[in-house]
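For reference, the structures are reproduced in the following blocks.
Okay, so chain A shows up in both of these, paired with chain B first and chain C after.
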Partner chain A sequence: MKKSNLILTVDDEKDIRDSVKDVLEDANFKVETAENGKSMLKKLEKIKPDLILLDVLMPGLTTKEILTELKKRKNKVPIIFLTVVRFAEATKKDIIKGNMVDYIEKPFKNEDLIKRVKKGIKK
Partner chain B sequence: MNTNTEKIKKSRKQSKVILLVVPADTYNQSLLKFVKKIDKNKICYVSINKGHSALVEAFKSKKINLKNLFFIDCVTKTIFEPKEEHNCVFISSPKAITELSLALNKLMDASFPSILVDSLSTLMIYHNSKTITKFIHHLINEARVNSDIYLTLTISDKDRNTELYSKIEVLVDEVIKLK
Partner chain C sequence: MKIRNKLVIAFVIITLIVSLISGIVSFVYGEKAISDRLDSQLHSISVLKEAQINTFLEEKIKNVKESIHCILINGSKEHSREELFKKISDDEDITELFLIDLNGKVIISTDYTQEGKLKSQREYFIEGKEKTTIKAFYYALALKNPGITIATPLKDNNGNTIMVIAARIDLEKISTIMNERSGLGESGETYLVNNYNYLVSESRFIEGIEFKKTIHNNIIKDCLEGKSGFKEYHDYRNVMVRGHYHLLKKESVCLLVKLNYEEAFAPVRKLALTILIIELIVIIILIFVAILFANSIAKPIQNLKNAAIKVGSGKLNTKINQRYKDEIGDLAKSFSEMTENLKKSEEKLKDYSSNLKKKVEERTKELSTSKRRAEIKAKESERVKKASLNILEDVEEAREKLKQSYKKLKELDLLKTEFLSFASHELRTPLTPIETQLQRMLKKDLPKKERIRSLEMILRNTLRLDKLINDVLEISRIESRRMKINPKMENPKLVLNQVISTMLPLIKEKNIKIKTDFKNVPLKIRIDAYRFNQVFINLIDNAIKHGRGSEINISAKKQNNMIEFCVKDNGKGIPKEEQTHLFELFYVGREEMYIHKGAGLGLAICKGIVEAHGGKIWVKSKPDQGTTFYLTLPLKNKIIIKKKNKHK
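This part shows the complex of A and B:
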């Protein structure tokens, strides 16, 4: 049987974490969750996800601080931003580089999320 | 002109500090319409949840005069280091409320008569209501001392039952609910 990919979804809103977890589990992914950058970094000491879905506006560590810490740890897991924060398309292209593989705006469509998570893992 | 438009224009003549309650479902569109109504004034747009590039794109699409706008962008630098822009100051993060206050003080001196803070709802992700109230209180005091400054604060209608809403509601001159 094919091994399920593990996704770590990081969002301060429980409703979003639960909804993403439901959608991805229905699509045969394994899902772990974290409520902010600090708990995400702690979780990464125990698990090795195939992809991280990362909210941009969360209490505690900023996205930049989280990315800096991941770089320090040489953690190159693919990251997809999943956020309400809006940027122009050209700016999103500046953001998507290295292991930052995609930028999804909330609210998202379930099928689109699954498609882009699959694509993100393959990159 | 519909009643809401008339009310906004009248309020902006009479009130120095307005709390704008914006419907969560149509937040960005409603706010764009509001800015369009007031774009003859020089506006300093403080964005906590949208990057400068997205705002410029949105305002251009609505034919809002960008010459009258200056931006304080509190979100872009939380992800990456942006290029310098002639009409924008980038703040390191919405957490950096002192940095934001200093940038606003400079712009108040540079005569941007209308300051729009978008939004208190997003500030709540980073700060407790006490810290935000203190910050807003400072802005309101500056606006009251400087007779040329008009301050508009936005909040999502989803946050009407919060402690912050009740604290800010009593500090402002008027609360306007956008449709």
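This part shows the complex of A and C:
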């Protein structure tokens, strides 16, 4: 079996964080977690995840601030956004740029999450 | 101005100009011709007179020379005198004949008194020694008569002058010559003026002025200087004349031939008059022709104009004379065509206007009918107007109400939007772990430990959803004023302690001290205990989560007719701008939104419950000094008193 990919999942809701971790670990991913932007950036100093699952709405740093920070650090890790907000398809296309590679709406189908994460890593 | 008059004036002006020019030209040429003829006449007379005088004088000189010849033949004195006398008697023009020796002494003279007198200073003697000389027209004192003296030298065989022979000649013959006036008309005259400016010939007009009157003018001056010519001038009588002047050189005397200006230029005046008369006749004829010509041009135009006026005034049947075969004829033709067209148009117009008239009449009838109707309507509308004013006031009122309703609706709409966004977030968040865990459990058999963890997670989030749904329902009841409270007499102290005990695990978890002060509290108050719990759970929960202080004080006391509760924390306080919105539905402070994922329902529900009890809720807070929520409920509630009485 090939080496499993490392996923960093960032969400302020512990239950969501844990659930995501459960699903990904079921699919043989290694999973690290962080509860906000600040701790995520701190974690990134130690680990090099293959992909980040990032909650769009969190206390502390805003999504925009997080992306700016990553750009500053020249970290090009692919990011999939997790959000409860529903966007139109056209808007999604506009949003997806830079580190951001995909966009998953909560609640999600476990299969779909795994498929998208795999796809995101390949990119 | 009429075109005919214009034409006549133009013709007359042209005629006058032409006539004037031709008249002036013919007059100028005529005058010149007449003047030239006069001048040539004057000149020829002058030449004739000069010739006559010269011939006369030459004849006298010849006679004098003949007498010398006699003297040469017969040498004696007596004989000589005899010869001289003989000569004088032969020639009646010679009044005296005498001989002068070289010393100037008169030797022999036909006038004895003159013999022996000295003439050595006389010009005629001095000049006469050399050649034949004529001294004319001077007043000789010796003769007491004016006259001419001729002197000629008497020479010997060797050619030497031995004597001078002189003769005095009477002027009568000259006067005769001068007075002869053939070709000089009525006022013509010839006369002589000598170099002393004396008039030396007889005057036709004034008797006896010869050798007495001197004439000084430019003509005489020029003439004595040797010039000759024609001129108009004032003569010695001061009469305007035209004359010729010429110097007779041998005699040193001016010959003047002149004619009175008036007479001289009489033909010119006559000519002018003739020309004038001819001109007048020509002008009259030309004007007459001009009038005829102008008429021939103007009349057709006039006719056309008159026709146009008639047509213009509506007489379209006017006939137009088209016999002229020039441009005017063409115009007349066009005009008559135009008239024909006009006639046709007029007929059409007549038809049209009669139709129009009928229509107008019909409409007028209709109008008068509708006017009556309109009057009735106006009265009606006056009544309606008054009624309308009343309605207007009502409408104004209604509009105001509508405005308010609209404002409310707008607020509601905003609320709806806010609710949707709230629902999407608040409902989906707990749904996510529920769905995820359920999917996992459906997919495979989880180990027992993990299964329990999953189920707990599901339960927790289900409860969260349940609470949320309850809150939403509560709010909807509050908002639609359908909230039902079930008030009973309760011991507030007891109720509050129950709340605190429910919250204790959370309080302990956060390491917070909790203090209570229920000293001055009524034993029973009329409240819905369940709702009352809700309020205080919310307030204490907020104090723990948001205050984040180290202490929470809960107190209750009676104050006048009220019971006042306080929930106080010593946390970081609430910014002033957030305080005013705190009790609004869905209002979530920025920090709370991120940290505690509040739904913005809790305080709105609290407010709804308190108000349903007839009480009030408010907040006091200062940043970093903690927050206090105040809550008052009325005590002297009618119901409360009644129930109290019943209890007793």
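Simple rule for what comes next: the second predicted complex is superposed on the first by the 122 of 123 C-alpha atoms of A that agree within 3 Å, B and C clash if a C-alpha of one lies under 4 Å from a C-alpha of the other, contacts with A are read in each partner's own complex, and residues count from 1 in each chain.
In the analysis below, a contact is a pair of C-beta atoms (placed from the backbone, for glycine too) under 8 Å apart; a residue touches a chain by one contact, two chains touch by 3 or more.
Quick caveat: nothing in here was measured; it's all calculated off a predicted structure.
Shared-chain residue A:V20: touches chain C; no touch with chain B.
Once chain A of one complex is fitted onto chain A of the other, the partner contacts of A:K64 are limited to chain B, with no touch recorded for chain C. Look at A:K76: by the touch rule set out above, it reaches neither chain B nor chain C.
Of the two partner chains placed by the overlay, neither chain B nor chain C lies in contact with A:K42.
Of the two partner chains placed by the overlay, neither chain B nor chain C lies in contact with A:K118.
In the superposed model, A:V85 makes contact with both chain B and chain C. In the superposed pair of complexes, A:V56 makes contact with chain B only, with no contact to chain C. Using the contact criterion defined above for the overlaid structures, shared-chain residue A:D12 touches chain B and also reaches chain C. Chain A residues 12, 57-59, 84-86 lie at the interface with chain B in one structure and with chain C in the other.
Of all residues in chain A, only 12-13, 15-16, 18-20, 22-23, 26, 57-60, 84-86, 106-110 touch chain C in the complex they form.
Residue ranges of chain C in contact with chain A, taken from their complex: 424-425, 428-437, 439-440, 443-444, 454, 457, 460-461, 591, 593-595, 597. Within the complex formed with chain B, the residues of chain A that make contact are 12, 56-59, 62-64, 67, 81, 84-88, 90-91, 94-95. For chain B in complex with chain A, the residues that touch the partner chain are 28, 49-51, 53-54, 56-58, 75-80, 82, 92-95, 122, 125-126.
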